[in-house]
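Following this line, the structures themselves.
Same chain, two partners: chain A is paired with chain B first, then with chain C.
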Partner chain A sequence: MTVKVPLRYRIPWKKIVLYVLAIGFALYLVLPFYWIVAMSFMHEVDAISVPPHWIPSSPTLENYLGFVNPSESQALVGGRANEETPYSLRNSLIVATCTAVLNLALATFAAYSFSRLKFKGSQVLLVLYLITRMVPGIAIIIPFYLLMRSFGLLDTYLALILSYTTFALPITIWILKDFFRSVPRELEEAARVDRCGWFRTMWSVFLPVAAPGLVAAGVFAFMTAWNEFMFALFLTSTKAAKTIPVVAANFATDFNTQFTVMAAAGVLAVVPPLLLALIFQRKLVQGMAAGSVKG
Partner chain B sequence: MSVIEARRPWSDTAKAYALNAPAMIVIALLVAYPIVYSFWVSLQRNNLKRPRAKRFIGLENYRSLLTDDAFLSALRVSALFVLVVLGFTVVLALILALVLNERFRGRGLLLSLALLPWAMPGVVNGLMWRTIFDAKTGALNGLLSQLGLIDTYHAWLTSGTGAFFFTAMAQVWNTLPFSVIILLAGLSTIPSELYDAAKVDRAGAFQRFGQVALPWLLHPLLIVLILETMNAFRAFDTIYVLTGGGPGDATTTIALLDVQTVLTFTDFGLGSAYAWVITAITLLISIGYIGLLYRKGNFEV
Partner chain C sequence: MAEVRLEGITKSFGGKTVVKDLNLTVEDREFLTLVGPSGCGKSTTLRMICGLERATGGDIYFDGKPVSWLPANKRDVAMVFQSYALYPHKTVGQNIGFALKMMRVPKATIAEQVLKAARTLDIEDLLDRKPRELSGGQRQRVALGRAIVREAGAYLLDEPLSNLDAQLRVLMRAEIKRLHVDVARTFIYVTHDQVEAMTMSDRIAVMRDGVVQQCATPEEIYERPANRFVASFMGSPPMNFVTGELQDVDGVRMFRSTATGAVGRGRNQALSQEVTLYGGEGPADGKVVLGVRPEDVSLSQTPLPGYRPGKVFVAEPLGPDVLVTVRLDGELVKARVPTPFRLGYDSTVHVGFNQDRLHLFNASDGQALQAPTREERP
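And then the complex of A and B:
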């Protein structure tokens, strides 16, 4: 038998456990990232000291400035990766943006059909899209490489944009289909009564209302393209098209690299997707859940 | 009504397929065709460095897999990697999702933090953990020795077992958020009356979890299991940067072996055979996934 303790004397175990877990997880999630951020602002001497400096003792922007204007020692040690970093950021930005736009253009039509029309084979088609999403990238990378090679598209933006579109398209369609369903049908019907054509209705009535969904799906596609590594590794070879993950990986596989410079490159690579994730947090969480739990 | 019908020459089905045509064409050209083409390449001796030796050899590449030590080892590593990553991910994700499902101060902040690993590119994840696990200057060594848990710095990644385990841990950190979000979405569908009823019945926290939450969570849990299995099975970025497959072949998963075969040895025939094995296994898993979605009637279109 448990002794009845008056309510106000009870130790709030549940609260304690909850906060301990919450703080533990917060540290687990943030400390690794904090470490490379801190390191990216350190001088090399501080970064490799034992015991480690957890806070940069004399913060410096040297590692970041080195990408644009390498000092002599950096140019010597960091080598090509150092010099390629700014180009790769530009490449990543262009490739990811184009991927997002192309995806939205293609997926909007498809998603609209699933949200508004009853048609034969719609289930099969949706499953087909889903299966494409399951296909491992490695399964298509070899033919993709050979194809791009024969078209002379190796080391170009187009090769990357096309491959990332195939990754992102199925999930974009799935996300948009859910968002479109939440747009009230009455809007389009009203427009139709006003004798607007279908395209006009889409463009000036439907899409503006569905804009939040479009943005979320676009952000998904952008992040997929920005983060992708394996295809970029195969398809690019120079600073003309190398994306930031490829250059960041070059830092890691080069034994001469300073950890501080590598950390700075890593931070640069993570800032855009991280900002997008934070800004569009709610929509992205909805989209992730919609893309999987609801099928 | 009939007037409007008459002004619509296209049936819904025709219209729908017209709308889907662009996406379908892109997918046919960029996914379906390459997959079939890849099977064709897998039936060839096809090495870029020896273009003259290129010829059709039937299932020879596949037959060679049975005695291919590198392949068998990679398959073993991959299977083990999936098990370890999955185990840790599911347990951690479940706890974190349950925490996030409660109401407390700082919940929003924790949810934002949980998205951080998700936004991180696998490559950056790899190099981040490299600086942490580093033998001479790593943060893990620094932290553990300052806490008095170790006397001397350890080289975490030099033993096969160590490298494998820490690579798996790096992967877990990266994939955790996805599982958390799915489980959290599952938890949020549980009607609060059920919890209230359990409270009235004086059910303890564990009982409440077992009898109220768990049945509702089974479906999202299965989805997490399947999707994370697929993710772990094809994991590449983090491992490539963190260990490059080493030491020896301790962390050479099947995906890594495939990329090495193709990029380093330019053996496209054998590489394609590897890729097809990966595809076949992934397809089996995804059939399970889709079957599951259908069974639960969650697949309304």
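And then the complex of A and C:
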């Protein structure tokens, strides 16, 4: 008996190629992350073995516990970075959160004006905002450093928050401006007719409707602050204000560093942004879609 | 509970004047419709009444009190927006109750009022849904509910039915008309649909290019249009127009058509019709436009006195009536005649105009020269 291949059967090359590419890309993104997570639960010996162990043979929490309570060997090698990690996480959280909040507060007012009012020079101003982002950080880091020093702000949260706000604000304004424009003006008008004053209109109608945009902009500002390295390196010096990227770099420069401890620090550094993304995931996707459909 | 009076209202955007010297009084509990083609300034007028737009000139009074300087939230008005403008993050119930909440009405009362409004509009079971989960017709009702839930001096409705399909529109038209009677308040309704205007209103204000052409009852607008624009805008299918001139023939005022086809074939071939003029002598050059509504045109297979021969151009059955287009002296004239109509295309048919229901307009400025209603004749 012969098996009849259905006449119209074709090998779905398009699908296969698409899937291979998609899986390949996913691995490319996920594998390094998986590796760092796996490594953070390994003993040093496993981590440096060739060929690498993809699954920890005897998982341990030692690397994490070390941050709180360094063991003797850890205290000996790379102890500083080790000790500073928990503080830097706290610092990063505070700085990034404050940056996000300050940014949103300022950008909301600015973006609302740009989206609703016609005034002379508004286009020029918007472009100018973007241009400030074209200046490489290295060009202004020295003036910034001197400025902060003369205000006595070196090694404080405020120095970081202020600098990060200047980076993030232009982009935040642009994100919000586009988003606000997509919110129909009639909603505000309806609120006015429904007896809301201006503040009430903003608070009860406009801002809730614009929430996805606010979340997207807030997350953006948070990430900007969370990832920033160079300014943090210049402006901070002790565990009072050092942020996680700076401390992570300390691991790398310390040539005694254990890879597993570094991996654990890396994992900790990723957790807050990851949580943030997960919590706001739905709003974020909404926000991005809504912002992109109408410009 | 409010009379709305507009005095010399003008509105310009930049250099462009979109509403010109508008004078209009809407009586308490009246249903007044603003009707006109797209872009004629209807919405702008409505927005000035509710305070979303400030007039460039003129004053607005509610019950005799000037309100021109009051912002929208301080005026005693409710509005239904053309786009509904429902709050997307609030449920239907919250949408409807929002204004009451802003007016600090106690929670229990709000719930009660919302339910009552929802019942009137037959949307009680939708109260917990979000606007995006509703159909167009349901959103429409919510938008209406948001307005009628509260006491307001005037209710402003901006083309509330324009986004609905034909069937629903007819249904909602009747419902809004009934609602007006039930709530007994002042309604100002904007539409570009002349059928809505005719069917719902106590009075209609026909606008064009920011100027009110005529403000009168639907009957008056239909029977005695003030000018050619009103005559052609109100009525479906629209009024027939025949250009021609006035002549005195043996002491009788006659209208003669000057249609291209007619001139070549000699005067007596042209459509001529006895007419009576009121209010003056008519234009100096004698050039006029004769208007007659399709239902005032009758057709006959055999020649009758006063009827003129024409050829059937096309026949469109409408159900009870047939809309027949006849080529008459080079012009196309529409007649609305009872079903059945059995003549084939291009066959000869005799056309007569109802003598009592002719409209005559000045050809140069379009102003009405003749009143057609019999009661008004001296």
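To be clear about the criterion, the second predicted complex is superposed on the first by the 260 of 295 C-alpha atoms of A that agree within 3 Å, B and C clash if a C-alpha of one lies under 4 Å from a C-alpha of the other, contacts with A are read in each partner's own complex, and residues count from 1 in each chain.
In the analysis below, a contact is a pair of C-beta atoms (placed from the backbone, for glycine too) under 8 Å apart; a residue touches a chain by one contact, two chains touch by 3 or more.
The structure presented is a predicted model; accordingly, all values stated were derived computationally and were not measured.
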Looking at A:200 after the superposition, I want to know if it touches chain B, chain C, both of them or none. Which is it: first, second, both, neither? second
Once the shared chain is lined up, is A:19 touching chain B (first), chain C (second), both, or neither of them? first
Touching A:64, do we find chain B (first), chain C (second), both, or neither? neither
Under the stated touch criterion, name the partner, chain B or chain C, that contacts more residues in chain A. B
In the superposed arrangement, which partner chain does A:187 touch: chain B (first), chain C (second), both, or neither? second
What is the contact status of A:208 with respect to chain B (first) and chain C (second): first, second, both, or neither? second
Complex contacts: residues of chain B adjacent to chain A: 12-13, 15-17, 19-20, 22-24, 26-27, 30-31, 33-35, 37-38, 41, 95-96, 99, 102, 104, 106-107, 109-124, 126-132, 134, 136-137, 139, 142-143, 145-146, 153, 173, 178, 181-182, 184-186, 205, 219-220, 223, 227, 230, 233-234, 236-237, 240-242, 244, 255, 258-259, 262-263, 268, 271-272, 274-276, 278-279, 282-283, 285-286, 289-290, 293, 298-301
Across the complex, what residues on chain C touch chain A? 50-52, 71-73, 77-79, 81, 83, 85-89, 98-99, 102-103, 146
In the complex of these two chains, what residues of chain A are touching chain C? 184, 186-187, 189-197, 200, 204-205, 208-209, 211
Touching residues of chain A toward chain B in the complex: what are they? 14-15, 18-19, 21-22, 25-26, 28-30, 32-33, 35-36, 39, 47-52, 105-107, 109-110, 112-114, 117-123, 125-132, 134-147, 162-163, 165-166, 169-170, 173, 223, 226-227, 229-230, 233-234, 244-246, 248-249, 251-253, 259, 262-263, 266, 269-270, 273-274, 276-278, 281, 284-285, 288-289, 292-295
